[in-house]
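Before anything else, here is the set of structures, which you'll find just below.
Here come two complexes built around chain A, the first alongside chain B, the second alongside chain C.
So, the complex of A and B:
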């Protein structure tokens, strides 16, 4: 036991905080990620995360909780993408690309100020690639509130969102406000990427959003099960990644390896090793 | 049974960008009828179906469902869209999709219920989809998907079933099977069926009424009364020959006016 869990793993407050924040991010990202992958919105999700880095880097300048920064910028970007139009696939990709470029430009500016004015040299790495063991315990309540809010919205719109994914016209026919459901999906997506940006960083948050759902979709043919499986894969990768990063401190004495590296590698492995579901072989002609 | 027609469309006109798509279209469907909505591509079949569903924004005329406006009674209509563009990896079994027909509009998480799974099983049996009920919808063949979509539309027991080109993209055998299935369901579940198609021939064994669209206008009535040289010639505005060979009907453009000779809609699209 002591070989696996290096001494003091669970006693360490920064580890406990990392587990709570990382776990929340992994669960919300995996659950909403199933719909994001199905709707082909993975690029939009990635763009939201990248743009949220502008908020994260601004929060270092203002000295506020970085989650607020990530969150504010992700919601703004989602609103901009919706406002500028996302009906046709090509148009949506263009708008997403433009918003992405503008957001990363702001990010470059704020990170420059972080370094020159505030002397926070680690800001760039923390914002882009995450720095889980540095999350203060005071960030936990807000994280949990955001995560629970996201889960509540997702639970509420689960069936209309599923039907909208199958066919928007069928959903409209049933009296579902497809546009409103799409907006709420985008809102939960923003919450998820903000949480993930806190843990694995803005750039890597796509890994938690896309990887576990993609792995789960290979195996499960049922919507509820696919979502639970995705959440389990995301949670397991995050927890194991934190453990390995903690242990890595003893592999190369004095220098631990970054948590994000372990988490995204584990997610990638889960996708590669996940078997295909059985029904493919029975495919009807 | 209601004394009103199952569906009554009166003086319906729809225009897009100043162009008339439907002009003064009127017809009634008696309850229990099996009606083909026949016309070439672009003749306004989808527009007419969307108008009945209340999706078509600007229109004039009245559409009544059993004597009352459609809007508050939309749940009495079942609708099968042209084709689902589903990801083969979508984690949704045929069974799950049919269940969404029952409660897909509801908020909150679905709770398991015996009554619900029994209703889904019954519907799957009615469309003979038990064999592939546990496969992903996106991986089913066109004919199988069509059955599942029909089950999705019928599970709330609508009085009127609208289908948009349900036979397009199906092979000959699936076409015959889907038509027979619809005919049986219409009889067993006492529903009125209105389905669009660009070729009326596969529907001839089942169809007792026809709404024929051309030039934005409609001719409707019993199939034998409408599919005649005189009626269709009047509808198209130039001579049309209706030829019956080996139980099939061919509608052939006769002498076309010179102005229409190069209009691809008129040259190619007469079914």
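So, the complex of A and C:
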């Protein structure tokens, strides 16, 4: 045990905070991610995360909790995409790309101000690639509230969302407001993306959003089962990633390896090693 | 603004704009926005790896962009295209975080690579840049018809004996090379903005493919020139201006298409 868990792992407060924040991010992202993958919204999910970096970098400027920044910008971007939205896939991707470009431009500007006005040179790396062990313990209550809020909305819209993923026309015939469900889906997606951006960084949060669900859907096409499996993969990769990053301080003394690297690598390994399930041939997704 | 050390920047910016305008036309026609965003980001760790190993930055970028192409086209055989793109993107970026953490004095360099740096172009960098740009444009012109046909009418292309999956790999390869050229100047995050914004505006202004491509180059050139000038005057990152103008181009193009 002492080889695996370097001394002080469980006593360290920053580790506990990282586990709580990372764990909630992994669970919410994995659950909503199954729908994102099923609906073919991986690009939109990635774009929301990237745009949220503008909020993250603005929060350094304003001195507020980064989660609020990430969240605010993600929700704004989701609104812009919905507002400019289009049903044709190519046009939708183009709109996503344009919103993404505008958001990243803002991000560039805010980070520039971070460096010139606030003298926080590490902001670019922290926002883009995450700095989990630097999350203050005071961020935990807000994180948990956001995560629980996301899960609650997801629980409420689970059945109609599933139906409108699988068969939008049937959903409409049953009297489901497909547009409202789509909006709520985007809202939960924004929450998940903001949480993941806090954890592994804005441009890597796609790993938690798409990786575990893609791995789970490889094994089973049944959404309920895939969601449980995806949450398990996401949680395990995050926890193990934190553990390895903590241990890495002892492999190369004085210089730890980044948490995000371990989490992303573990998620990708989970995807590559996951066997293709038998029920995949029955229900092609 | 036009002093001798800025001349290199102007030349490099113009080269990048011509390449981005040309390839951007195909990015928009083929609906390859995500790939155009993912490849530059996947290439970005290449610069960190190059700095670590002490080799040429352009080579590092090109190698990683090609790795991105290989990852996307391999995974896309068994997976949705966008999931494949997302997965190979995060895998390479994950490596990037590792390389970045190994080169500890890199914080400012990271920022420049993500968001662009117009002032960092030396005279020695121009010849390889020009050659790569020429290769990109030549390849695009040679493959103009088959690339266009596979994007607009896959059935017609198939009956004409064009291998669609080969064209896809060729397109991604050209995109990767264009990426490696443009990245140091505009930054990994906003390369695609330069590809998508002008080209989408051009496409909504005209239906004729060659005209649209030429128009796309013109708008891209204007975007880059204005962005470099404003960046020089304000000292703000060039990526911010490129991103903003990309959006203005798209919205303007949509408005023009609606009134026409």
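Quick note on the criterion: the second predicted complex is superposed on the first by the 277 of 285 C-alpha atoms of A that agree within 3 Å, B and C clash if a C-alpha of one lies under 4 Å from a C-alpha of the other, contacts with A are read in each partner's own complex, and residues count from 1 in each chain.
Assume contacts are C-beta pairs under 8 Å (C-beta built on N, C-alpha and C of every residue); 3 or more make two chains touch, one makes a residue touch a chain.
Bear in mind that the values here come from a model prediction, so they are computed numbers and not experimental data.
Contacts of A:104 after superposition: chain C is touched, whereas chain B is not reached. Looking at the shared chain after the overlay, A:165 reaches chain B, while chain C stays out of its contact range. Of the two partner chains, neither chain B nor chain C is touched by A:136. With both complexes superposed, C is the one of chain B and chain C in contact with more chain A residues. With both structures placed on the common chain, the touch criterion links A:221 to chain B but leaves chain C unconnected.
In the superposition on chain A, contact of A:176 is made with chain B only, not with chain C.
Shared contact residues of chain A, touching chain B in one structure and chain C in the other, are absent.
Of all the residues in chain A, the ones that touch chain B in their complex are 34, 38, 155-160, 162-163, 165-167, 169-176, 216-218, 220-226, 279-280, 282-285. Residues of chain C that touch chain A in their complex: 28, 31, 33-34, 36-37, 41, 79-80, 82-83, 85-87, 89-91, 93-98, 100-101, 104, 107-108, 110-111, 114-116, 187, 189-190, 192-193, 196-197, 200, 236-237, 239-244, 246-247, 250-251. Across the interface of their complex, chain C is touched by residues 37, 40, 42-43, 45-47, 50, 89-90, 93-94, 96-98, 100-109, 111-112, 115, 121-122, 124-125, 128-129, 201, 203-204, 206-207, 210-211, 214, 255-258, 260-261, 263-265, 267-268, 271 of chain A.
On the side of chain B, the complex with chain A involves touching residues 53, 55, 74, 79, 81, 84-87, 89-93, 96-97, 100, 103-110, 132, 134-137, 139-141, 144, 152.
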